[in-house]
Amino acid sequence: MSNKQKEKKGGLLTWLGNSQVWKSIIRSGIPRERRGRMFSVLNSVFLHLHPVRMPRHAVKLKYTWCAGGLSFYIFCVLTITGILLMFYYRPTVEYAYTDIMDLGEQVPLGIMREIHRWAAHLMVITVWIHMFRVFMTGSYKPPREFNWMVGVILLVLTLLLSFTGYLLPWDQLAIWAITVGTNMARATPFLGHEGPGAALLSIGDINLVHAGSDIRFALLGGRFVGEAALLRFYVLHCIGFPFIIIIFMAIHFWRIRKDGGITTPV
Amino acid sequence: MLTFILLTFFFIFPPNDWFYKWNKKFKLDLIWTNKGGILILLGLLTFFLFGLTDENFKLIALKPDNVPIVGLIFLVAFFTWLSMKQATENDKRIDNNEKVNEYHDPDDKVLTWPDLVYIELIALVLCTVLLVVWSIALPAPLEQPANPTLSPNPSKAPWYFLGLQEMLVYFDPWIAGVLFPTLMLIGLMAIPYLDTNKEGVGYYSFKQRKMAVSFFMFGWLVLWVLLIVIGTFLRGPNWNFFGPFEYWDIHKLEPLTNINLSDYIYIIWFRSGLPENILLREIGGFILILGYFLILPPLFAKTMLKKLYQKLGNFRYSVFIILILFAMSLPIKMYLRWLFNLKYIIAIPEYFFNI
Amino acid sequence: MLPLDEQKKPENNLNNPEEMDKSSGNPEELQQESSDSKMNFGEKNDVVPDSPKVPKTMPEKDLTKKRASIGKGSILAEPIKRRSFFSWLTLAWLAFTAATGTFFGIMLRFMFPNVLFEPKQTFKAGYPDDYNIGEVSVNLKEKYGVWIVRSTEEIYALSTVCTHLGCTPNWLKNENKFKCPCHGSGFRKTGINFEGPAPRPLERFKISLANDGQILIDKTKKFAYEKGQWSDPESYLMV
Amino acid sequence: MIEKKENIQERLYNISNLNIWFAISSVIFFAVLIWSFVDDYSRSWKDYQRDFRKLQIEKTNEEFEKATILFEGTAEYKDIQKRLSDFKELYNQKSEEITRAEEELLKKDAILYRVQQEFNFSKANYDALKYKYEEAVTHHLSEANELEEKLEKIHTGMLGDQLVLETAQDDYDEQSALVKQFSKEINETKEEKGKLTKQATLIERKLINLDPVHMDFSNRIGNVIRDLPFIDFLSPYYKVEQIVVNDITDNVNFTRVPKVDRCMTCHKGILDQEFESDTQPFKAHPRLDLYLSSTSPHPVEEFGCTSCHGGRGRGTDFISTVHMPSSPEQEKEWEEKYDWHQLHHWDIPMLPAQYIEASCFKCHSSETSIKNADKLNLGLNLMERTGCFGCHKIEKYKDRDKIGPNLGKLASKVTKDWAYNWISDPKSFRHNTWMPRFFNQPNNNDAESQKRSKQEIHSIVYYLFEHSTDFKMDSRPLEGDIQKGEILVSSLGCFGCHRIESDPSQGKTTIETLRRDHGPNLIGIGSKTTPDWVYTWLKDPQKYSASTKMPNLRLTDGEAADITAYLSRLTKEDFLEKKVSSLDETIVDNIVLDFLKKMNSDKDARIKRAKMNLGEKLDFNGKKLIRMYGCFGCHDIPGFENDKPIGTELTFEGSKLVEKLDFGFIEIPHSREAWFTQKLEEPRIFDQGKVKLPDEKLRMPNFEFTEIEIEAIVTALIGFVKAEIPEAKKPARNDRNLAIEEGEKLIRIYNCLGCHTIDGKGGAIRSTIATWLGDIAGSSSAEDAGLVQSFSPPILDTEGRKVQPEWLFDFLKHPSMIRPNIQVRMPSFMMISDEDWNKIIKYFQVKDGQTLVYEDSHQVSKFTSSFRAGERLQELGECNKCHFYGTTFPTQSAETWAPNLALVKERLRPEWVSAWLNDPQEFIKGTKMPAPSIPTAEEVKDPYVLEFVGEDVAALAGNRDVLINGLTDYLYTITGKTDISQEVRDYFNENGYNFLKDEEFEGTGDEWDDVDW
């Protein structure tokens, strides 16, 4: 590539950076001085999650492990791959399994499923590690107690998302993992039909809490993992829990900023 | 094995000065140096590489859905080491009245753009690379179509719930599956309110918050990660225990006959029959449980945890100690099971109330 | 934020809204703000930024004028004002809470459909008198996968799945045992294994008596001998 | 900013105002949410269930009282009560002893429990170690030895524990038996009491769950709570009941979904005979033996409700289930009661009650006669008789012969004038002809059309006669005797298919009456055709039309002439007097032009027409008109051999969407059944108010059906649905069923049941036989059912078991005399192919479970005692009183004559003969054949009897079967002429056929006759 061409290309970029369209969208060009750099963070919807300036140590990977950020990123990956998968997947007992099978066999780049699954596993791990890091740096201490709690909720939601997604391939692995997992709900005190106290919830000979009315039923939509359970888990996995987790994530990020950003030693 | 972990655990992560003393004496903090880290890494690597030569081990460790757990072992080990390494360094600095590693002048800040944004971008790219490579190398599992009439042996929950499933061996489902997870969440959420220690914010440290870190590590590493690892790698058909290199033989038998505390009391000690009245039958268990939760806390408050009690006050102390007692009940129950074949302390199957 | 707070303690909410107003746009200022707020945790951050500024005293006249415009009630005296004020707000919140509660109730109820499309896992197996003492009934083996055994005192339902590899054993009446044709496991009438490779006794199903006096068998619940579950009162039916 | 400063509070609204608004809106919000609950909670089916429960409680209480009365107050019950209290007292007296024993038992139980546990432990340990050892032997042999020792040790220990356990068990059992001994009597008495009160106890248990009055306090509360709003998911009493049938599906166009029927949510008593006489919706199904119950062929779990009834099975209220009224009155009633309107958004509304049989056709379409579906059968039969399939393709009737007569030799049979009048109004000649009327219908009865019609008929007649081929008729040898002819017609069996009834009968059309409408009503035959044609036809119908269903009665020339004489007297003068309108060439021209213009330009058409002469024009028109009206659908007409039916296909007419039916300007309910009914009543009605060219008009002719007939045909039409029913749910397509279907179809086509009776059906001819008997032997004979039966064509119920198939085939091909004294004659069906005869024979065989076509001929040894006994029995029974032995006439008069026994050998199956001899009444009720008296062992002890019956019989006395078999054997040895028809005919020629009048009847015991043929 000759110099002239290079210049021209630079010229093109500059021209692009100066065009009205570019400016209307990005506002600033490539920031090259302090003020521009601040603006670029401040003015971007995505980047303004960050403060404009940060303590030095907070940038170091050694300190943050980037686990929280990665968790969020993986969530985004999961959302995108998940939406793609939804185009081919039908949550019915007739088709669920074969649709998944076809993802591997005939859908171009069916690797989306692999990415989705492994990202889900990875997200559980990164969330755990994030929590571990937050604990080790004492970042849950005042004034961040509430955000720690939100974090715990996010952890639970992450597990629930992963758990509900586990059923969708509708194979032996799925159905039995969910069967074992949800069987525990049977034993919920008072609300599960095999939980302590359930037997007390009866009037005369009428048993109020039984396999057809307990908390596990509400979860599965049936007495065992079947068609209704598949649909419920699908809805929860694709709409219900993502909806909740996004709300909590918003709170989480908002509170990070409002609670003073990343922790710093005094 | 578990006994060994339990015995050494509090020396590695000493919750109080006494343990800390011994920790120093044994120079266990050497683990958290570069050398120690490399040794741990090498140890783990050798174990897995060596293990992979064994067919049985390979079969289980390379099962697609178990791969994350292998990763988890490495990652947890690495990050535990990393955090503890930084913590020990900081401890030393604090001892020497130096500022901690993380300390910088509050005015000495860096711009988010481009430093943070850039490393984040790199991290994301690398993470994506990892995911793609992982996905190419390892197809997601798809077993036979769901068949409600044929349950695989063993049937396992998703791996992150295997800790709970492991607890099911020792506790009734309502405890292992409902009470413990709930308490775990409550406990986690309560941490900021129970840990009134103002030190250790914003930097890795250990010495300043020995008890908090130690207990957290116990809950996290032993009661959570370890149980998951056991549930994944060491539990085979019929939920029998199998060594890491053992073949998962469906025919393996373990003596699983266990008896209740009431049997011990009435049948073995009193040599009489079980009384018909449920409360009378289970009275021993009730006393034991009540004693555990009502007598131990004040006892600890008076003795070992006197300082803590004074610091936390009544309410926080109660919550704290009850959570701790619950956490400790798991290993206690495990040992009771192994040593005395004790099934339930309180057994009222009529009302699904077994402890 | 309840409007209640504002009315009760207006002086408490004194604040500096200007600070917020200023902080739009200028990066330097913003920076200032974020570091400020960091240092002022606890006190200052509890402040609700958009709370209105209310002066300590309010012109009495103005207030009454407003009140009068509320509706037909001419509420002038302070105590009456307060009471009526409370009752409206209490009512409002009570109703709102109740409605929200009902809404969640509706959501919960929605999760329980009025009919189920599940294949039956529980079935009726005739009257206890249909079974002879000491005999193993093989009538339901094909259809439901159970043997119903009546001993002198109880009736129990045995699973027809061999605990070895899941084949279906046969009941050999002359030899008084269940024999698995696949690998030769043998089970006694009680279901306990005594020969062959089967590791465990056969499982029993939950059995009870239905309202019409028929035997009701629930295959969703199994009882394993080796876990001591056969003493569970649901695992057998006393006759 | 400025505003803010002006308003001191920086507010727009008054906060208390907002509070009030908030309060009001919240209250409303709360109220509407509660409303949503109430709205959801109040479902009409719950009201029905509540009502049903009340009814049930009432009934059960009654039942309970009845059951209680059964034992209460009986001595037995009192005795039991007394004994029970006595035993209890006794038991109480021993209480100390008992307590001691029970305590002992408790101790032993404790020991047993402990020992059991110990054993369990050692057993578990042993098992675990055993595995370890086994594993070691294969994998780590080095450890095996050590383990083996250990295993040995533990095994010994375990055996020891087992011993201890067994002892403890014995101990316990002993003690337990001891304890039980004390209460043994009490328990026994209780059991006795339980048996006595079992019925009442069961009802009481039902009542406890049903009637709050009988509930205990907590259950009564629970009874209320379980159905409260919101918590009614926990354990509701009132709930939606549904049946899911997986393999019967609802078609939702893109796919098929399993049928879900919730009808039983309201129709709660539908399965319970108890509610037989209750009103809807609780009434039990009227035919539980056929439907719904688990023992019926259509259990509800496998067929659901809507698979037959139609409707929207998932609906749970009156309207959403698409109930359909069966009459306008009912519609009105429903509108008032349920605010009923038809839910139009469901393609398959419930079938109105009168058409319900239509659904049978879904699965039973291949059957000719569907059991218990009389209306549907009638409808199908009518469609078959009227030849709907001639114009409308119907899968069920494909490849059927055309139902009308062959018109290829028409000129020899009728005159042009007759044909003209016939076509223009067939019913004016014969009131019950199947030939429909094409002309003078609502869409062609205006003056213009009338004129045109006349010329059309002329053209058709011209074409038919123009293309008619010559037919050479036989000449009659003599003028017959009208009297004789009349008797012959009424006695030979003509009335199995024909009538001679000049007035329309008032009775309802049924399948039985249709059998006698198989052939034309013979009124006016003399005005229709010539005696020669009748004579020729009677002698050999196939000569005139090869495909006719009219069989050959093998008439002698004389007989044929007699009948011809009689029939020719049946005239209809007024029909002959009808005027035939004159030929109008201009109209003919117009018609020609109309047809030509279909394919040619106006100019070309005119040119072409100009080239034609009148004959050609008529011929041209005739051909076009026959094609247009589809005459060839029913008649064989030269030149139309390859034409296709002109009407819409009806195979799936019942599935036709209502939207696809053209209701024109006719205001009738928009439903299939209403359209069909209207169409059949007045086929051209939907042209009303429309402007159409002559050849665009609706063409379906008017059959002038009665209301009953229309309803039956509509039922059948609605039944013609496209339904994917799984094979498993249909009647099995096995050999047996297929053979029966084939047989029944042929039997229907050839109208066998016009004369014969099978399974209680058919025998239409009997009433005419009775009339005939009345004519020749007095009215008392006509009323004697037994006598009528004995002179009627036979009942064929056990034919397959009875006769040898080879003989049957031979007989069917060449019928011969069986019962000598009857006049009815089995005709020769020359047109039935051997293949079809085989099907018919197979039908009889499979019906009786016979599968063999070839059987060993019955071998008889004459040198056995049983044979000799049989011979003697035959003598004793005096079989020769009634039966022919070859040419040997019976000893009694013709009135009791019975078949020739020489025929037995080749005709009957020995197994059947033995069974028949054993008890003839079992086979045919009311037969005159008596059972032979077979002496018992007791009777033979009487020396007089002994001497009477003879040694051979006596030796076997008591062994009824052997004796009867002996008799059978004997029958198979009777030889002689098998065809004795000539002898019998000669006899009757000599002695006349008036024996019935001459002789007095004695008791039926002596008359050896049967309905045999």
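As written, the chains take the letters A, B, C and D, and residue 1 is the first residue of each chain.
Note that in this section a contact is a pair of C-beta atoms (placed from the backbone, for glycine too) under 8 Å apart; a residue touches a chain by one contact, two chains touch by 3 or more.
Remember, predicted model here, so these are calculated numbers, not experimental data.
Of the two chain pairs examined here, A-B and A-D, it is A-B that is joined by more C-beta pairs in contact. Rounded to a whole number, the gap between the C-alpha centres of chain A and chain C is 24 angstrom.
Inter-chain spacing, taken between the CA centroids of chain A and chain D, is 65 Å. Spacing of chain B relative to chain D, judged by their CA centroids, is 74 angstrom. Multi-chain contact residues of chain C (touching two or more other chains) are listed as 112, 117, 199, 226.
Shown for chain D are the residues that touch two or more other chains, namely 124, 127, 209, 233. Contacts with at least two other chains are made by residues 106, 150, 251, 253, 256-257, 350 of chain B.
Taken as a graph of touching chains, this assembly is fully connected, with contact between every pair of chains. Residues 65, 68, 71-72, 75-76, 79-80, 82-83, 86-87, 99-104, 106, 108-117, 119-120, 123-124, 127-128, 130-132, 134-136, 138-148, 150-152, 155-161, 164-165, 168, 172-174, 176-179, 185, 188-189, 191-193, 195, 197-205, 209, 213, 216, 220, 348, 350-353 of chain B touch chain A in their complex.
Here chain D touches chain A in the complex through residues 209, 215-223, 225-226, 231, 233-235, going by the rule given at the top.
Within the complex, the chain C residues that touch chain A are 27, 30-31, 34, 37-38, 41-42, 45, 108, 111-113, 116-118, 121, 220. Of all residues in chain A, only 202-210, 213 touch chain D in the complex they form. Note for the complex: chain C touches chain B at residues 35, 164-166, 197, 199-200, 226-228, 232-233.
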